[in-house]
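In what follows, chain A forms one complex with chain B and a second complex with chain C.
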Partner chain A sequence: METNLKSKAFQEFSNAAETLVNPVLQHWKDQGGKVIGYFCSTVPEEIITAAGLTPFRMRATGSTGTEESDAFYSSINCSFPRHCFNQVLTGDFKFLDGIVCVNSCDHVRRIYDNWKRFVPTDFIEMMSLPRKTGPDQVGWYTDELAMLKDKVGKHFGVEITDDRLWKAIKLHNETRRLQKKLYELRKQEKPPITGAETLAVMVAGTAMPKEQYNEKLRELLDELSGTEGPGSHRARLLIVGGILDDPAYVKVIEDQGGLVVTDSTCFGSRLIWVEVDENASDPVAALAQYYLTDRPSCPRMYGEHDNRAQYVIDMCREFNCDGVIGERLIFCDSWLVEHYMLGQDLKAAGIPMLKLDREYLTSGIGQLRTRVQAFLETMGR
Partner chain B sequence: MALIDKHPELARYVTEREWFEFLREQTLAMIEIPEMQLQVKTLDSLLKMYGRILDAVENDKPFVSSYYCLAPELYTAMDLPYYMVMQTPFLASSVPYLLTDIDAAEEMGLGNDLCTAIRLSIYYVEANLSPLPTCALNLLYPCDGAPLLHEVIKRNERWRNIPMFACDPPYYSDDRSLDYFADEMRKMAKFVETNTGAKLDMDKLKETLEYSNQMFQLWDEYNQLRRNVPSPHGWGIGAPQCFSQAWVYEAGTPQGVEWFKKLVEIAELNVKNGVGPVPEEKIRLFWFDLLPFGWVFEFLPWLEEEWGAVMVMDMFGNFPYTMIDTSSEEEIWRGLAKRNLFDAPMVRQARGVADNFANDIARIVKDFKIDAVVWPGHMGHKDGAATVGIMRETCRDLSVPFVHLGLDLFDKRYSTPDQIKDKMSQFFRAMGLG
Partner chain C sequence: MLVGGCDVGSATGKAVVMKDGEIISYVIIPSTTKPEVTARTVMDEAIEKAGLSSIDDLDYIVGTGYGRLKVPFANENISEITCHARGAHWLSPTVRTVVDIGGQDCKVMSIDEKGKVLEFVMNDRCAAGTGRFFEAMARVLDCGLEGLSSLSLQGKNPSTITSQCSVFAESEVVTLINEGMELVDIVAGLHNSIAGRLNSMVRKVGLVEDLALTGGCAKNDGLAKALEEKLGVAVKKLPQDPQIAGAIGAALIAEEKLNGQS
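Up next is the complex of A and B:
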């Protein structure tokens, strides 16, 4: 991607965000390392890391069509699973050694059913994710994660002890802390990194072993520390939505003068704003508590809208945002209704909001530019 | 002061009751037809339900908002009126103002790719056109739309302070899931007691469930009769009425038992006389969804008249149920959990893994000698839309033709009745049917 950042670490992150198998991941595979794909950020990467495997958040980067998956999906399905499953069928995900799914949404959960039936795979699991976030549900999800841990361990021939799990939790928490530091830099009046660049860094974090990722991220943070960006933006924005993994989309927004300084998205701040409790007695329960309850949720979780709206409002205040862009993939019911409610909340809070529908592959750039420009103008920017 | 003046949220509800009173009058004109006698009784049950809600509001009596798949026998046992927030799409989408309401929902900012049933229900709540219950039982399954509707309800100014409870749905259908959901249902019942003052007497519940079991047993008998060639009934009587009696209006009541006895009696006579809804049954269809209630009269009669295509079975007439064991409290809750989470129509297919899409097709095709399977492809069924490959493959393995239409069960403008008729005709011709 086009960038003013000269950092070698950033170049590696950018490359990782633009491909499925980046050189670091390839090296891992070449050394005999295994990779487990997963859908949805409620799947604890820590369990996969604790097994000595690398977790890989599923994307459809590089997809050009859905000709194969059209036989399994319909035109009213979200383009993300259609592109992703298309790549499954064309063999782009052959590098995976297994896949873990949850019942995240109506579109994505059916990847499991189609994958299981039509694509021979040694290890494919689907966890039952609750809709509520109360203590009983944390208990349920603790059991689900314990079963996943056992299945991963059994299949890949490794005993995932509590020690290994705690070690993985500490490692992933370190990732979260480092990523949060990156976000903190964006509070500056002239942030040294754009929203598109930040997204590339975040996406890369889901596509390589955490130790190497953390090392490179420290390097990037060192380079960015004490620097500032051009500050030529017209407005500071927060982006809120679901599975946004394409920096090019954010770049189109930023090229109009709207600098994305923070977000609430599936590859963004919701993953990192709080940490797994390292003082808990049971690591599996700690993970269940974190993924289900402690972390800012997505609209799939019932009863949490007020918390999610407050999270967005607080983020806007903390990052001094002028407005919010709510993006959603067409046919996504969750984000349609969430944005409907959030729009009212933000209006009450005096924060302008623009709602954008998009397809998974960034397209309709002319229209996107026009709408963002108009939005900035209505904000008087 | 008129009830609506004091309670404007009842405006739509009262209009719906008037619509059904009108339909009842029209149906009375055909009372000599045995099936119409049953239709009148069905409408009587429905009107009774509307009346109880209006009476509850007027006289400040407790009532709940809930769903068919949240153990309606509990409310019967507790003598509590209940209504469904999704009432209009499920029961009343033949009302003349439906399209206006759909447009109003879109204007509210709910777009046009969210399920119309969900959109309408959100609209009614946000526009203060849904009765305000004493407490609300919110639904978190089978699809994304359900929890989203209830998130809006939870947040709505008028509903915000109404006590609410939602049963959390596990994804699988094993014993662990059954026990978990049974526990959720117990908590739900406790919540209703606490917030309405009504008491759940387990002996009364047992009695209610025994009536319910009788209804379901008779329903099973009726479905066995529909296996006959020709089927004793088509789309006009069968699934919608059986479902609404057993799951909504007369859940666990002696009146419901009588209704089903009458239905079986009529069907038995038709089977004995070798008669069905059409002079010559040429095609036996499995319609794998709700009927397109928003435009049913413009399409379904045509299927029978034009093609001799009889809807022998559909999603809501499907019978995977087992009787609820009332021998102990534990078995009662497990039985209710199974019936409401594993077996209830649409929940059964859409809540968890896609296996029941395939399994139900396989069983129904065989049991009912189905000539063609129709996946209507309602625009709101996103999970079903992602299962078409599985359904198609299942039908291929069974050597039975499969068609995927693409429509809106409630809004006939999405795909017009003429477009759907055209698709069906092309399908029948291509498959050499009829």
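Up next is the complex of A and C:
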């Protein structure tokens, strides 16, 4: 990615976001380390880390097409699972030692069905994620996580003790705190890091062991603190949506002059804004409580729209945003109605919103540019 | 004060020359595969038609349309959404909703009393409801673009065409032809289907009168009538060729820039 940042740490993050297996992860593999791929940000990475494994958030970076996978899907399936499963079929995910799936949405859950049936894999698990976020569901999810913990432990020959879990929770909370510090820097009038660059840093965090990641992130924070960016943007924007893992998409928006200063996405702020309670009595229950209830939710969850909208409005105020860009993958059921309702809520709060549909691989850049430019013009920018 | 607006669209290039707030010439040409060439050619023709000697006579030029980044002589570029809104508002100040139907996309803008865009929607990577759609249908029905409009107005019992995808609509039309349906009814049905799609886009930004059509397809009276029936309101007639609304808007913005108003 084109960048003005001279930082070596950032360059490593940027490279990691542009590929599946980055050098740090490769080194881990070379040392005999194991990697577990997981779909959706509601799978607790902490359990995987506690087992001495490295969690890897699934994405389809580097995919060039869906010729292999289209036979398994229909033309109205989301492009993310189609690209992702295409890479499964072409062997791009052979570096994984196991997979954890979740019924995050019907498109993604079908990756599990296809993977299990057509691609031999030693360890592939499916978790059941509730749709509601109340105490009863937290109880259910606690049981699901306990089962996952036992299965991972048994398969990989590790006893995942409470001590190990607490250690992992503290390590991952530290990642969240560091990433939040990076977000804090973007509150400046001239943020030292762009939205596209921040996304690269966030994506990299889902693709390497957290100890090494935290170390590099501290390095980047040291380099950036006390510095300023060019400040040549026309407007400050918040981006809201789902699995946005492609910094190049954000860069198209920023090249039009709309600097993305914060977000509500599941590779972004929603992962880090709240921490897992380190003072709870049971680590598994604490994880269930965090992943299901405490963290800003995704539209997959029922009855939470008002809280999600309020989160976006609060973030806009906190980061002094002029407008909001909503992005949605075409055929994404979860985000179908959400954007329309959110647009109404933002309008009432006096915040303009541009709604964009996109394909998983960034395409149609001409129309994207026109929309973003026109959006900035409507704001008088 | 002489200003120019150059709208390089996917199907046609449009240029407008304005002097002290009045249009003194305009030209529309088919787009070439090189946007720079389209821009240069159409602007040169408009300059000649205005009785000027060269592009240097213009004090400020704004480029717009798909090729707006490729207008080498433009002082700046503004999106066609902003330009169409401004142009339609200048042509008819009571307009509050603009439906722009161009060669490869359609957009609906809601605007305020100054012609500023409040909200807009744009169709997604799809030819439905665009010039390309009508061109494809005119080819299948062998009636020419002008023929489409007049045939549509004669339809008494419009066929139901459910597919709004250009490719599938074409298959539906072929089926209807082979079932022996009246040509006029098929054409009227096509216009109804596109008007239905535009109607839902208008509902997204909220219908506020007056509503005007701009872009090349705004010249299609059959479409205007079908849209009026769907929306339940009259389409405001613009006093000037609606195809140049974007170029007019660009020229108006050029004038404002010179006057330091924005």
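Keep in mind that, in the parts below, the second predicted complex is superposed on the first by the 381 of 381 C-alpha atoms of A that agree within 3 Å, B and C clash if a C-alpha of one lies under 4 Å from a C-alpha of the other, contacts with A are read in each partner's own complex, and residues count from 1 in each chain.
Just so it is clear, a residue touches a chain if its C-beta (ideal position, glycine included) is under 8 Å from a C-beta of that chain, and two chains touch if they have at least 3 such contacts.
Every value quoted in this text rests on a predicted model; they were computed, and no experiment measured them.
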| item | value |
| --- | --- |
| Partner contacting more residues of chain A (chain B vs chain C) | B |
| Partner chain in contact with A:Gln310 - chain B first, chain C second, else both or neither | neither |
| Partner chain(s) touched by A:Gln373 [first = chain B, second = chain C, both, neither] | second |
| Which of chain B and chain C A:Ser225 touches, first, second, both or neither | neither |
| Touching partner for A:Gly364 - first (chain B), second (chain C), both, neither | second |
| Contacts of A:Tyr73 with chain B and chain C, given as first, second, both or neither | first |
| First (chain B), second (chain C), both or neither touched by A:Asn4 | neither |
| Contact residues of chain A, present in both the chain B and the chain C interface | 330 |
| Residue ranges of chain C in contact with chain A within the complex | 66, 78-82, 105, 116-120, 122, 124-125 |
| List of chain A residues in touch with chain C within their complex | 330, 352, 357, 364, 366-367, 370-371, 373-374, 377-378, 380 |
| Touching residues on chain B, where the partner in the complex is chain A | 108-111, 113-115, 118, 122, 138, 140-141, 143-145, 147-152, 154-155, 166, 168-172, 176-177, 180, 183-184, 350, 352-355, 377, 379, 382-383, 385-390, 392-393, 404, 406 |
| Residues of chain A that touch chain B when the two form their complex | 71-78, 81, 103, 105-107, 109-114, 117-118, 126-132, 136-137, 140, 143, 299-300, 302-303, 305-306, 330-331, 333-334, 336-338, 340-341, 343 |
